[in-house]
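So, here's a batch of structures to check.
You will see subunit A twice below: alongside subunit B first, and alongside subunit C after that.
After this line comes the complex of A and B, so read on.
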């Protein structure tokens, strides 16, 4: 196991942010950590990356205890924060070079900028960049030490669809290289597309943990949608695939000669989440 | 501890300092203040000591040919003594069988040294005396420091404080902008961050202090550097505590104004000699500026000032222990970034 958490717990005063959660991530896997704002996603990342110490339970990253072996862990991980935290009065290149120095990394900063497509902003101060551009620079910074494990906290949050899609492609590229990725997001589509496993976190607790497919199959409703033309109008019938009398009803509808379309409808992760928690994933 | 990481962090801080007008203003302030004070008090470009001479005209003309002193001839001993007493001249030379060199109580130590050496040379040239001239030297009027010198402690404490202020504002800025979070998930440890910022603040404070002493012709002894180092170390400790405890830059500046009054109290007391001088002894910065004044202006040596150094070292140890306690508490709890 590359990441292993056992009974991780953390409170801010009386507010229990993370409540005895356990999970593990294998090498080369992406674990999507899904939950609404304030559900404990970022606190979990902070514990796993040694920014705060777990108050109960513990975790290992690359076999090292996050409470004891921080120095070794920090050499091998890359972290992309949710909040923009670049040095604003330094250029993109200066920011990356500074962090390369801290890691004593031999990675060529120019090559990295080229790879993440930020070369054209190389000499611009980061305070002059848009949110999307800064997000890319932060993503590049998380790769500066060629890490074995990437912690990405809402990496596409607030980005335009094109920038978000480019970041997702880069995440998948890192996965293909065998990197293990811990991805927190509130975007169910993103989690569905990128993750090997998805953990739903709500009010500090993991309420479900499985592959996206399994979660949707186990917990989501699957429907059959049949659209029938009646003159100039259409009638749409929706039948739950698991309903006891669905086969009979479907057979009867399909005998109709005026069928316009037939679709199966899968559950989304959001529907699964709502079913489990009674609340929406949106921010 | 990795020296490379500490140096990288310091280099980054230098880059950021030079790009922020607030930081630049802080760094330039004591240097500009020194230049303005020196210009206002007429010491810029007119730094020759002044000498009143009575007696042998040969000696007087020999002294007048010297570039290092400004000489004025007097027609009576009484008029010369009166002018020196009033502080109008740094010294008066009465040339007779037993020459007398009278120093004004307000003359500076380096000026006295120049005057003594120049007059000794002139007398030796005129009378062919042995290598070591012995003549009567006296100090007229009560010894007191001229205004220009009395302002030096203010500037010295200010430059040391700027070293501390740079540390605190840099730490607060990193916390506010969350850049410290990014640094602390690299192999750089909180201790290395603190070391880097402390070294930068100490270096900056020392450099500013040294510039101020040079501009005032007062960097004349290794002992001065010793007191400058330990005095700046005290403000570095204060800067570390402020950097961790204060929530934001506005908070820092607001509290600094109050705290500055306390830190600058010894300088204030030196500036106004009518205030009881013992009051300053209750403030640690007294043991930073007072020995520097004693060394540079009164020729004090190690035997005269060692006890003040010992008190300053104790103050340094106490403030650094307090700083490390505050830092440790933050680091083991929420760490310095939260």
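After this line comes the complex of A and C, so read on.
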């Protein structure tokens, strides 16, 4: 296992932010850590990356204890923060070169900028860049040491759909290279598309952990939607796929010669989350 | 400790400080402030006012005061006590007590016994020059070298130091001002890293909090040294014992940086940091300001660490002191530096973790 967390716990004063959570991520996997704002996602990232020390339990990254072996861990991980934390009065290239120096990395900054499509902004101060461009620079920064593990905290938060899609494509490319990725997000579509496993976190606890497919199949409702034309109007019938009398009802409806459309409807991760927690996933 | 991280952070900080208009202004304002040096008088008023108690109502002494229209002025007092009080109040630089038989002894070729009274803060040089003046004037009046018994009496504690022109006395202020600006710069760099969240990004790399602090300390010390040397060159004051001077500047730079690191760790808000820095800055400048005011005792300021810097800079630049003379001050500064640095590292580590 590349990431292993056992009973991880952290509280800010009396507020229990992360409550005895356990999970593991295998090499080349993406774990989508899905939860609403304040659910404990970022606190978990902070513990796994050594920004804060777990108060109970423990975790290992690449086989090293996050409470003891930070120096080794830091050399092999890349972190992309939720907040935009670039040096504003330094150019894109200077920002990346500075972090390359910190890692003593031999990675060619120009090649990296080309890969993340930020070369044309190379000499621009980051304070002049849009949010989307800054996010790309931060993503590039997290790759500067060619890390084995990537921690991406809300990497597409607040981005326009095109920029968000480009970041997602880059995440998948890193996965293809065999990198292990811990992705926190509140975007269920993103988690669904990118993740091998999804962990739902709510009020500091993991309430479900499985593949997106399994979660939807186990916990979501699947429907069959049949639209029938009646003169100038349409009637739509929705049948739960798991309903006991659905096969008979469906057969009867499908015999109708005025069928307009037939659809199956899958549950979304958001619906599964609502079912499990009674609250919405939105921010 | 990771030397390549320290090097990278120091290089980045040096670049960042040069691109921050506010910090640049702070650095250069220290230099510009030092140019006040040229607006201050380069010499002291050499006209001495003397209080006289003439016990025997001498006929000769008025003619002495008559020929010394330049350089000295005399006022006669009716009692010796009044004469002393006037000196202690700072109205006169010295007093002359003439004996009852001054005229007869002088005319008979015997040495009259004259007492010269000085306040404790009058310099050795001034005492000697007044003695010389009195002897010369009497010689002129008596048409030849006259035997005199000049006895010196110091009122209060004897502080036979040197009177220094205001211009030179203000030099420690410029140096301290530059160091305080550096303190502000460093605290701003720390607060800015926190406020921007960039520190978080740095601390998930192989760089440790100690590396970050050390790098900022190095940059701060280099800037401090540079700015102070520029000030000393501009004011043509690069003099005295240079090893003692540079060790003092270095100790001062370390102090400024350590305090800056400590103050910078107290807040994550840039505006708030200005208040945290402004108040200590005024306190730390006090010794350099008060040294400019005559007759003000600085002993109460010994609780302020910068007192020892000001004292040693003043002694090196204005009184010809060397390393041997100021080592006690440097020892105190060194201890303060170590304490502030430990406090700064502790406060920052606490905040980063």
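Here is the rule we use: the second predicted complex is superposed on the first by the 283 of 283 C-alpha atoms of A that agree within 3 Å, B and C clash if a C-alpha of one lies under 4 Å from a C-alpha of the other, contacts with A are read in each partner's own complex, and residues count from 1 in each chain.
Going forward, a contact is a pair of C-beta atoms (placed from the backbone, for glycine too) under 8 Å apart; a residue touches a chain by one contact, two chains touch by 3 or more.
In this text, all values refer to a predicted model and were calculated from it rather than measured experimentally.
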| item | value |
| --- | --- |
| Superposition on subunit A - do subunit B and subunit C clash or fit | clash |
| Partner chain in contact with A:141 - subunit B first, subunit C second, else both or neither | both |
| First, second, both or neither for A:8, with subunit B first and subunit C second | neither |
| Touching partner for A:181 - first (subunit B), second (subunit C), both, neither | neither |
| Partner chain(s) touched by A:51 [first = subunit B, second = subunit C, both, neither] | both |
| Overlapping segment of subunit B (options 23-31, 59-67, 95-103 or 113-121) - the one that collides with subunit C in the superposed model | 23-31 |
| Contact residues of subunit A, present in both the subunit B and the subunit C interface | 49-53, 71, 74-75, 77, 79, 81, 83-90, 94, 98-99, 101-104, 141, 145 |
| Of subunit A, residues touching subunit B in the complex | 49-53, 71, 74-75, 77, 79, 81, 83-90, 94, 98-99, 101-104, 141, 145 |
| Residues on subunit B engaged by subunit A in the complex (per definition of touch) | 2, 4-5, 8-9, 12, 15-16, 19-20, 177-179, 181-189, 332, 334-335, 337-338 |
| Subunit A - residues contacting subunit C, complex | 49-53, 71, 74-75, 77, 79, 81, 83-90, 94, 98-99, 101-104, 141, 145 |
| Touching residues on subunit C, where the partner in the complex is subunit A | 4-5, 7-9, 11-12, 15-16, 19-20, 196-198, 200-208, 353 |
